[in-house]
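Residue numbering begins at 1 within each chain, and the chains themselves are lettered A, B and C in the order written.
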Amino acid sequence: MTRISLKVLVPLMALTICSCASSPSQEDAATSQPDSVLYARGFQIRHFDEYTAVSLRDPWDTLKVRQTYILVEKDRPLPENLPEGIVVRTPVERAIVYTSVHCAVLEQLACSGKIIGVCESEYISSPEILSGVASGSIADIGLSTAPDVEKIIDLGAEMIIASPFQNSGYGAAEKLGIPILEAADYMENHPLGRTEWCRLFGLFFGKRAEADSIFHSTMNSYLELKRLSCEAAEKPSVLLELKYGSAWLVPSGESYIGTFHRDAGGDYIFKDITGSDNAVIPFEKVFDVASDADFWLFKYASRSNITYKDLEKEYQPYSNFRAFKEKKIYVCNTMHTSYYDDLTIHPDRILEDFIFIYHPELLPGYSPKYYFPLQQ
Amino acid sequence: MIEARRLAIGYKNNILHESLDFELSCGEVVCLMGLNGAGKSTLIKTLCGFIKPLGGSLKIDGEIGVVLTDKGNAGGLTVYEMVSLGRYKHTGYFGTLRENDHKVIQESLKAVGIEGKADRYMSQISDGERQKAFIAKALAQECPIIILDEPTAFLDVTSRIETMALLRKLAYNQGKAVLISTHDLDNAINFADRLWLLSKERQLVSGAPSSLVENGTVEEFFKLRDAGTL
Amino acid sequence: MNRRKNITLYCAAGAFLLALFLSNIFFGSVKIPLRDILAILSGNFEGRESWRHIVLETRLPQAVTALLAGSSLAVSGLMLQTLFKNPLAGPSILGISDGANLGVAVSMIYFATTSYITTIATAFAGAAVVLALILWFSSKLKNNVMLLIVGIMMGYLASSVISILNFKASSDKVHQYVLWGMGDFGNVSIEKLPYFAIIAIAGLIAAVLLIKPLNALLLGESYASNLGVNIKRSRLMILGCTGLLTATATAFCGPISFIGLAVPHIARLVLGSSNHQQLLPVTLITGSCIALLCNMLTLLPGSNGVLPLSAITPIVCAPVIIYVILNRKNIQYFN
């Protein structure tokens, strides 16, 4: 009896000692086969004999259900007495995908052949999709806020995948009767929660097994890295992002960025800020609190790489930060790296970059992929 | 002071008068009269230099001080400040007034009779007083010629007489050449040394008021016979 | 009597300005004791380095910027209101700040540049283009009302181009442009401040030299030209000076509305006079005071938050005008 409980107790204690654990959410089973969604808070999956029900939570009011989709396989007859929800016949073969990130996810699932239309192709980074647009096999339907409705009808899409925004609809596209999957993955607070949305896409496109396997391998890789970082004794203090207009947009400790840096073994200066939005803090307050931070990391998007001189020219008081003086600033130029595309399916790779910055001794021989030291 | 020979006035595509001849000398008051549309304001504008003559010769011997019907935006200036604008050509960089300027301004105020209101704002005085203030400004400019465009238009009967009397006094005492464009026939006849009658048919007819009345020109110009006014 | 009243007025205004300037340095989102601030200012400070940086490199330049921008915009507004005889005229009415807006929108949204220097340069360029057009129109149009309408139309044109750029751009670029559009006195660092200061002061000096023709223009253009004012040249100089002051303030601080429109009225109501010999200096000082006040109010007391400048300026200016109107019995200059 004691031996068995020890076998259970010891790993449990190990987990709790490593205080960088996050709690996975369990579904309360009320039906046949609940699917255990581990990290994502935005959706629930329930499997029934004749269909699968997917319900999406409202990201701005997590108690409300924003939408329910009833997935019925195409080679089954449509059952009677289906519950409320949008019926989607799976696997989906012709989908319009609004954003580059979701295109990348479908590519990982080997479903990019099922994409027949995208929005704003100038922001798409995948070469495969871009060549599809160039050759005409994939249509560019314009702005996501005002898509070309005639083209959508003409394409005969079975589903649209879009990112929801609070209080905004999808324009005329809503009235077409085509199911719109409101992929709110960008609102997940945990990096693995975002990744887990690929399991949702897997269900729609008939790639359940592949999606689950991708998710689990990413999850294992991420958790392994997190365990590794917990071994480091000291956590360096970290300042994130930049002044934006008249104030600093400070990510909260609970946001997915905050979670990343915590899991990488860094001590984020503003980790005590709660909520999922960015806090708006005046420059002098940030400076007062964070001027001595060990590291400073931020993202930017520009055709050319910036330097310490550029940063100082941008706003001269930046040069008074300790991280500036000691040259401990690391930056990610999102135009030159695949940061946003990898963020969803491979957060472990990004975590690796952070761990390498904070505790290089833990990853000997690693070369950074996203965040590089700021140039002189 | 002013001499015009075969003067053509009007606008680019609209000549009002092709050949006007007239003279204005120091120490005299001339009233310019005519029906609406005869071209009075065009003539005034041409003489003041606001529009260019279209032909002929126009000799002006000296500078002109004008009194117009515009009220402008000067309600927030005191009478003294407004009149001191007449010294524009003589003052320094910010319009600072020297001792001589103050003397001229005070004399102008006294000449028109509003020195008691010098510290009042332009928006606080009566119409008649405002008119006097503008005349004082023209005086402060120290020009030999003063041209007034309908100075009595919005004044009551007493103020009209006062204004005309004042202008005649200024012409005689200070030797100025005063040209008044007006509709006020009665006062024009009483106070002017000469009348200029302007019309489309007869161009400009100039003469002493008494003779123009006697020989029936005035009557004809204004078609007053039937109305039995004279 | 008049002179004594003037001296007291200027002393009071100057004292008020100084008090607001110092308040901007003493108060901020970080609580720094007065003793330490005075030590920092006098160069004898031994404590936290971050506080020295905050006072000397953030608060001080921000206060000076607010002072200069406020007076630039207020004086521009006054000159335009006199030139166009329109109490609703302001620096934004001629489309000059819209031109600056357009320049920045093009660089931020179309070319995706985020560098601050580029922002200043393109704002200036945009404003300069509009100003040049206005000056050209000014030489072709004799009527001021027509010129005003042309300016307003150009402002609308610029705004609609900006709408199109906004519509077609991705959300983060638009967000950045929108942030610039909210106005900010805090972006002019100590090294950039001299450039801003030199141009602004040059413009203000030019404005002071225009006091004489501005007073003459109060009587209207006919009277003014009879007095000896060269109308064409004066108009050109007034528009040029206004354009320079507006373009500079907008380029360095983003578009700041309302100060140019409201402060001349506050000054007129306080003075009770339209004489530019007093009105212009009083407008200048009042503009600085109002800008410093608005700058202080962008910091929400007691919290971490920050309010955009463009929201604060109307909230501050409108009640001041209403208060002064209710308490003044004679509003001379409107008659």
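Rule of thumb we're sticking to: a residue touches a chain if its C-beta (ideal position, glycine included) is under 8 Å from a C-beta of that chain, and two chains touch if they have at least 3 such contacts.
Computed from a predicted structure; not experimentally measured.
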Remaining chains grouped by touching, chain C not included: A | B
| item | value |
| --- | --- |
| Centre-most chain, if every chain is reduced to its averaged C-alpha atoms | C |
| Centre-of-Cα separation between chain C and chain A, whole angstrom | 44 |
| Distance from the mean Cα position of chain B to that of chain A, given in whole angstrom | 83 |
| Overlap residues in chain C, where contacts from two or more other chains coincide | none |
| Residue ranges of chain C in contact with chain B within the complex | 82, 85, 208-209, 211-212, 215-216, 218-220, 222-223, 225-229, 268, 272-275, 277, 330, 332-335 |
| Residues on chain A engaged by chain C in the complex (per definition of touch) | 120, 123, 143, 145-146, 244-247, 279-285, 287-288, 291-292, 300-303, 310, 313-317, 320 |
| Chain C-facing residues of chain B, complex | 48-50, 64-66, 68, 70-78, 81-82, 85-86, 88-89, 91, 93-95, 121-124, 141 |
| Residues of chain C defined as touching chain A within the complex | 28-30, 49-51, 53-54, 57-59, 112-117, 167-168, 170, 172, 176, 179-180, 182, 184, 186-187, 189-192, 298-299, 304-306, 308-309 |
